[in-house]
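So, here come the structures, one by one.
Two complexes, one shared chain (subunit A), two partners (subunit B, subunit C).
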Partner chain A sequence: MDLIFSQLLDGLSIGAVLLLAATGLAIVFGLMGVINLAHGEFMMIGAYVTFVVQNIFRPLGGFAFESYYIIALIASFLVTAIFGVVLEKTLIRRLYGRPLETLLATWGISLILIQFVRSVSLAMVIGIAVTALLGWALQKFLPLPLKQASFASYLKGVLWTVAGIVGLIVISTTASIGRFFSNPWFGPRNLDVTPPKWLQGTWGSIAGIELPGIRIFIIILSALLIAAVVWFLTKSVWGVRIRAVTQNREMSNCLGIPTDSVDSITFGIGSGLAGVAGCAITLLGSVGPNLGGSYIVSCFMVIVLGGVGNLLGTIIASMMLGIIQSIIGSGSLLIAFPDMPNSLRSVVEFFATTSMSYVLVFIFIIAFLQFKPTGMFPQKGRSVEA
Partner chain B sequence: MTSSIPKRLLAGFAATAVGVTMTACGGGDSAGGGDFDGSIKVGILHSLSGTMAISETTLKEVEEMAIKEINDSGGVTIDDKSYKITYVSEDGASDWPTFAEKSQKLIDADKVAVVFGGWTSASRKAMLPVYEAKDHFLFYPIQYEGQECSKNIFYTGAVPNQQAEPAVDWLFDNFAEKYGKKVYLVGSDYVYPRTANTIIKEQVKSLGGVTVGEDYIPLGNTEVAPIIAKIKKEFPDGGIIINTLNGDSNVALFKQFKAAGITPEKYPIMSFSIAEEEIRQIGPEFVGGTYAAWNYFMSLGTPASNTFNEAFIEMYGDDRVTNDPMESAYNMVYLWKAAVEKAGTYEDLDAVRDAMIGIKMDAPQGPIEMYPNHHISQTVRIGEAKDDGQFEILWDSKTPVAPITWNQYVPETKGYACDWTLDRPDAGKYKM
Partner chain C sequence: MKLFKRLVPWILLAFAFFILPAMANSELFGFSQFRLNLFGRYFSLAFVALGVDLIWGYTGLLSLGQGIFFSLGGYAIAMHLLLVTKNDFTTGANGLPKFFENYGVDNLPFFWEPFWSFPVSIIAVFIVPSVIAGFVGYLIFRNRIKGVYFSIITQASLMVFYHFFNGQQKLVNGTNGLKTSTTEIFGLVAGSDEAQVLFFRITLILLPFAYLLCKYLTSGRFGDSLVAIRDDEPRLRFSGFNPTPFKVIVFVVAGGLAGISGALYTVQSGIVSPQFMSISMSIEMVIWVAVGGRGTLVGPIIGAVLVNYLRSLVSEALPEAWLFVQGALFVFVVVLMPDGIYGWFTKGGFTSMLAAFGIAKKTATYPKLDFDESVQEESFKV
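Let's look at the complex of A and B:
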C-alpha cells in the first residue's frame, strides 16, 4: 500500500510537470492550430525571468526574499505573455493556415532566442534598439513616390539591411568601450536559482512517506493553473470569444468578434503559461539556454496522446505518462509481484531504468495511436484541419 | 504580395550567409614576427558552438594562454634557433564527424605539427582513425574511461585507475563501516559512464562489495524521481552513491535529491564530472558536502597551482575559475614543447613521439611524467565541495599514480598492457 501510494505520488508529480509545460501548448496548438516549436524557449524565458527576480530580491533578504517566488511566477507570466503577443503580431499572424511555414518559422525563433540569451549584453540591446528605430524611421520618412515605386519592396529590404549594418557597427563600437557594455548578462552557462526556504526540504509525511515540498507545490500549482484556464475559457467574455473563433472563424467575424485581438490574446496566454511552467521548472532542474529543448518533445507527446485541443485529454495524458514512467522506471512492479516467473522478471528488470522507461512510453503511445489516431478525445471542430 | 515573400526570404538568406562567412574567417594568428627565427604551426580543435561549447571553450582559452606564455619566454628552441608557436583554431561544433573532418583539414591544408583537441570520448573515437591513417599526432586532455591506447594519441587526462578506482577505495575506507560495502551507480546514458561503471562494478565485486543499483538518464533529461524512489528503497537509512552524470542532469539530480531528503550527511555522493565550474552552475547550496575525485583542484594552494590560477585570472577576468580539464590542457602544450626541444625537430613526428616518452614536468598539480603507454602519471585527490564554490582537499595519493590503460578489473582486458617503446606489432595491446 505504501509502495503504491508513493509511486502514485511520484507519478502525479512527474505528470504535473508535464501538464504545466503542455497546457500552454495545448491552447496554442489545440485552439489555434499553430505548431509552436518555440514553446520550450518561452519556458526558458520564464526561467530567466525567475532568475532576474531572484537577484533583485536577494539583497533585501528576510521575508521579502522568501516571497520572491510568488512575484517571479506573476512576472514570468507577464513577460512571456508580452513576448508571445509581440511575436504573434509581427510574425505568426502572417502564417495562419500554413502549418509547415509556421513550424519552420517558430523553430527559427527558438534558435534565435537560445542564442539571444547566450550573448545578450548592454551593447547588443543598444544595437538592436538602434536597428529597430532606424529601420522604422527610414520606412516612415521615405518620400511618397519611392514608397509607391515598383521596386518598393526591394528598397525596403535594402533599408532594413542598412539599419542592420548600422546596428552591427553600434554593437561593436559600444562593446569596445568596456566590459560594462560587452559583458553578457547571462552567458552560455547554466544559472543557479535557489528556491526559497519554505519550498526546500519536506512538508511532513503521510503514512511514512515523505512529501517533498517542491513536488507538492508543483502539483498544487498545476491544479490551480488548470482550474484558472478552465474558468477563463468557459466563464469569461474573452474565453467565450476564443472558443467561438476556434469553432468557426468566419461566423465569429461576421458576428462582430474581433478575431485579430482574440488570436493575440490566445497566443499571449499560451506563452504566459509556458513562462509559468519555466518558473516552476527552476525548482527542479537547471536554468540554461537549452532548457526548452528537453521539454518540447514531451509536450507534443502529451498533446498528441490526449487529443488536440482538449484540456481534459491533456490532463489525463500527462498524468498517465507520469505514472507509467514512475512505476516502470522505479522497478516497483518487481516488488509488487515478487513471485513472477523468471523470464518475465528479467524483461521487467530490463525496462526498470529511466532510459528504458522512455522507450516503453514511446511504444505505448505508438500502439495507442494505432487504435485512436486522433488521441483520447478528438476535437470536433474544424480548427485543426483549417 | 505573395511574390515578394520569396524575395524577402532570399534577401534574408543572403544576409545570413554574409554573417556566417564573416564570423567563420576569424581566429588564427599571423606567422613570424619579433626576434624569432621561424614559426611552428599547431592546431587547436574544440567545440566552440553547440552543447559542448560551454566546457570546451575554456580549454581553447587555456591552450592559448600556454602558447602565449611560451612565446613570451622565447618560444620553442631547436638547435639554438627559436621558433614562435602560431596556431589555427577550428570549431568541432559538438558534432563528432566534424571533429574528424576538421582534423583532416588541419593536417592536410594547414600542415600543423600537432593538434590539441577534443573533450567527449565520442569526439576522440571519431578523430582516432584520421590520426592513425595519416600517422599524425593528437593530444587529448580529458579524464576518460581508458580501454584505448593509440600510437598517435597522447592522453593527458586521468584513466580510471587515476580517478574512479582510488575514489571507490576511499569511499569504502571511510563509509563501509557505517553503510556497508554497497554502492548505487547513477550516470548519463553514453559511453563514458557506462564504461566507467563497468569498471567500478568489477572493482566493487573484487573488494567484496555489492552494486545494489545502476541507472542511466538520457543526456539532458531532468526527471530523476524514479531514481530517487529506487535509492530510497535500496538505502532507506543512507548509503554510498556514485554519480557519473554529465551536464544539465546534474542540476536536476542535486536539486531533487535535496528536496527528497537525500542529503550528504546520510548519503555520501562521489561525482566524477563535477568541478569548480559545475559547482557554480548547480549552486553550492545543492552540491555542498558532496565529494569529487580529480587530479587538480583550484584550491590546491601550491606555488605552481597559484601561478597557474593567477595567470588565467589575469588573462580572462577575476570571475573565472580553473579546473582539472583546463590544467590537463595547459600541461599538454608544455609537454609537446619539451618533446620537440628534446627531439630537435618538430617535423619528424616519429622522433617527437619517441622523445615524448619519459618527459617530466612540474605541472600545476605537481610532478607528472609521460609513460610509454602515452598516458601521464597523475596525483589523485579527493575534495569536498564547499559553500564558496571551491573544494576542500580531504585526501591525496601523495605520489603520482602510474597510468593503466587496459583496465585490470575488467575480465576482457585483464593481463593486457600497452607500451609503444616495444618493437612489436601488438605494442598497443599485448598480453603481459
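Let's look at the complex of A and C:
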C-alpha cells in the first residue's frame, strides 16, 4: 500500500505540472480559439531559465544559492511571458480567425526555438541582434517615395532578406574568431538542475509514509498558482475583461474593452504559466531541448478531456492523467496486488510500461469523447459551431 | 499553348522515368544513384501529400495523424519482405525474421501470418490503413468533432500508435523498426541499385494514377460537397446533406494513399520504424502541401518534392540550420503565402507582383471591390 501511495504522490506531482501547463494553454484556447504548439517549448524555455539562474547563483553559495529557486520561478514566468507577448504581437495577431494556420505557424516557432536552444552561442546572438537592428534601420530610413511605392511590401521583404544575409555573415565571421564566440551555451545535451537543499529529502511523514519534499512542493506550488489564476480571472479588472472577451468578442469590443491588449495579456499569462511548469519540471528530471514535446500532447488531452474554458475540468483531467499514467505505467499494481487473477494480470502487465500506459490513457480519452464529445464540463451557451 | 501546358507534366514524368535513371547510371552532371534514390523517396512522399491535400486543402480538416497510415503501409510491406526473404542477414536460426531471436520469440505472432502471401501484402498496404482510417474517422466525425479538436484527436491517435509500435519489441521490433534493405524482392536485393531503380519507376508509374484518382474525386458533385464542407459546414447541413459520409470517405482515401506512400518510401529508404509516426513527421506532411499549394492537386506533388529536396540540400550543407529553415518555412508560408507556390502563380500572386513593379498591367475588377455596395455588405455580414 505504501508503494501505491508514493506512486499516487508521483502521479499528483506530474499532474500538477500538467495542470500548470494545460491551464495556460486552456485560457489561450478558450479566449482566442488558438492552439499554441509552441507551448511545450515555452516550458523548455522556463526550464532553461531556471538552469541559467542556478548557474548565476551557484558562485554566491550559502543562503543566496539556497533561495535561487524562488527567483528562478519568477524569472521563468517573466521571460516566457515576454516571449509569449512578442509571439502574439508579431505572429498570432496576423492569423486571427484562422486557427489551423496558427497551429502550423506555432509549430514552426517551436522548431526554431528548439534549434535555437541547441545552437545558441555568442556569435549567434550578435548575428541576430545585427539582423534585427539592420532590418529595423533599413525600414526606418527608407526614403518616403519608396515607402509609398506600390512594391513597398516586396521591397520590405528584400530588405529583411538582405539584413538576414548580413546577419549570417556576421555569425560566421564572429564564430571563426574563437571558441569564446562559437561555443554553444547549452548544446544539444541534457542539463541537470540541482534542487536547493531545503527541497531535497523528505518533509515529515504521514502514517509512516515519507513525503518527498520536491513532490509536495510542486503540488503546493501548482495549487497556489491555480488559486492565483482563479483570483485573477474572477476578481481583477483584467480578469473580468478576459472572461468577457472569451464569452463574446464582438460585444466586448463594442463596450470598449481593448480586445487587442486582452489577447496579449492572456497570451503572456498563458506562456508564463508554461514557463513556471518548465521550472517545476527541472526538479523532476534533467533539462533538454526536446523537453516540450513530451508534455504537449498530454496537455492537449487534458484540455480536450476537461472541456474548454473550464478550470475545474482542467484540474480533474490533469490529475487523472498524471495518476493513471504513473500508477499503471510503473507497474506498481502488479507488486501491490500479487494475487490478482491471471487474465487480469496479463492485461496489467501488457500496459505496465511508460509507452503502453500512454496508449491506454489516450485510448481511454478517445473512447470517452465518444460519449461526451465536448469534454467533462462543456462550455454552456448556444452557437452554430457547437 | 494550351496543349503544351497539358503536356508539361507528362514530359517531366517521362524525363524522370527514362532519363534520370540513365543519368544516374552514367553519373552525368554529378547525378548519382544516391540522388536518384532520394528523388524516388520524394516522389513516394507526394502520395501522402495528395491525401493530406484531399482532407485539408479541399475538406478543411487538418489531420495531424497521417503518419499512422503512412507507417502502417510501410510495416505491411516490410513484414512481407522479412517473411519471404531467406538469407543470412534477415533470417534467424528458427526460420523467422532475425530480430525475433533477440527477444526469444519462437512462434510468429498471429497478425504476421497473412503477410506470407505477396498479393495479400500488396492489398494490405492500402486496405489496412484505409480500414483504420475509416474506423477512426467514423468515430470522430460521427460526433461532429472538427477544427482544432480534430487535429488534436488525430494527433492523440498518432501517439497511441507511436507508443504501441515503440513499446512492442516482441511483435514489431519496437524502436529499431523493420529493416528491409537486406531483403529480397523479385529476385533482387532490395537495397541494390537495380531494385532501387525499379522502385523509382514503380513510384513514377503509380503517381499519375493517384493524381487522377484525386482529380476524379475533387471534380464533380463529390468534390463540390468537400469544398462546401470546408467553406460552410453548417449551411451544408441545413440544406439537407449529411457531411459525415463525405468526410469519412475522404479520410479513407487519404489513409489509403498514405499507406501506398509509406510502402514505397519504406522500400526505398530501407527501413520502417516508429519514427515515421513521430508528431513532427505528420506535421511536415501538412507543410509540404502548404508550400506547394493546397486546394490544388499539382501543388502537393511540387511541395513534397521541393521541400524534401531543400531538406537534403540544407542538411548536407549545414545540418544545424535545417530546423531553422523549416520553422521559417512554416511561418512564411502560413503568413505570407497561404496559397503556396502553385497557387501563387495560378491565383494571380505572380502577376500582381509584376504589376507592383510596373512590369505587367494591373488587373482590375469591375466594379471596383472597394466601392461595390453589395460586396461591402457581404463583408459586414461575415
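Observations, loosely collected:
In the analysis below, the second predicted complex is superposed on the first by the 351 of 386 C-alpha atoms of A that agree within 3 Å, B and C clash if a C-alpha of one lies under 4 Å from a C-alpha of the other, contacts with A are read in each partner's own complex, and residues count from 1 in each chain.
Rule of thumb we're sticking to: a residue touches a chain if its C-beta (ideal position, glycine included) is under 8 Å from a C-beta of that chain, and two chains touch if they have at least 3 such contacts.
Values in this document were obtained by computation on a predicted structure and should not be read as measured data.
By the document's definition of touching, of the two partners only subunit B reaches A:Gly329; subunit C does not.
Residue contacts after overlaying the shared chain place A:Phe180 against neither subunit B nor subunit C. By the touch criterion defined above, A:Tyr154 lies against subunit B and subunit C together after alignment on the C-alpha atoms of chain A. Of the two partner chains placed by the overlay, neither subunit B nor subunit C lies in contact with A:Trp136.
Of the two partner chains placed around the shared chain by superposition, subunit B is the only one that A:Ser286 touches, whereas subunit C remains out of contact. Look at A:Thr353: by the touch rule set out above, it reaches both subunit B and subunit C. Contacts of A:Phe337 after superposition on the shared chain: neither subunit B nor subunit C is touched. When the shared chain is aligned, no partner comes close enough to touch A:Trp231: not subunit B, not subunit C. Shared-chain residue A:Phe5: touches no atom of subunit B or subunit C. In the superposition on chain A, subunit A positions 153-154, 157, 293, 353, 355, 358 are in contact with subunit B in one complex as well as with subunit C in the other.
Subunit A contributes residues 6-7, 10, 13-14, 17, 153-154, 157, 161, 164, 179, 188-194, 200-202, 210, 212-215, 281, 283-288, 290-291, 293-294, 325-326, 329-332, 335, 353-355, 357-358 to its touches with subunit B in the complex. If you check the complex, the residues on subunit A that touch subunit C are 29, 33, 35, 91, 94-95, 99-105, 107-112, 114-116, 118-119, 150-151, 153-154, 157, 293, 297, 300-301, 303-304, 353, 355-356, 358-359, 362-363, 365-366, 369-370, 373, 384-385. By the touch criterion stated above, subunit C contacts subunit A in their complex at residues 56, 60, 62, 139, 142-145, 147-149, 151-153, 155-157, 159-160, 163-164, 166-167, 234, 279-280, 283, 286-287, 290, 320, 323-324, 326-331, 334-336, 338, 353, 355-358.
On the side of subunit B, the complex with subunit A involves touching residues 4, 7-8, 11, 15, 51, 53-54, 189, 214-218, 220-230, 233, 248, 250-252, 255-256, 258-261, 277, 280-283, 285, 317.
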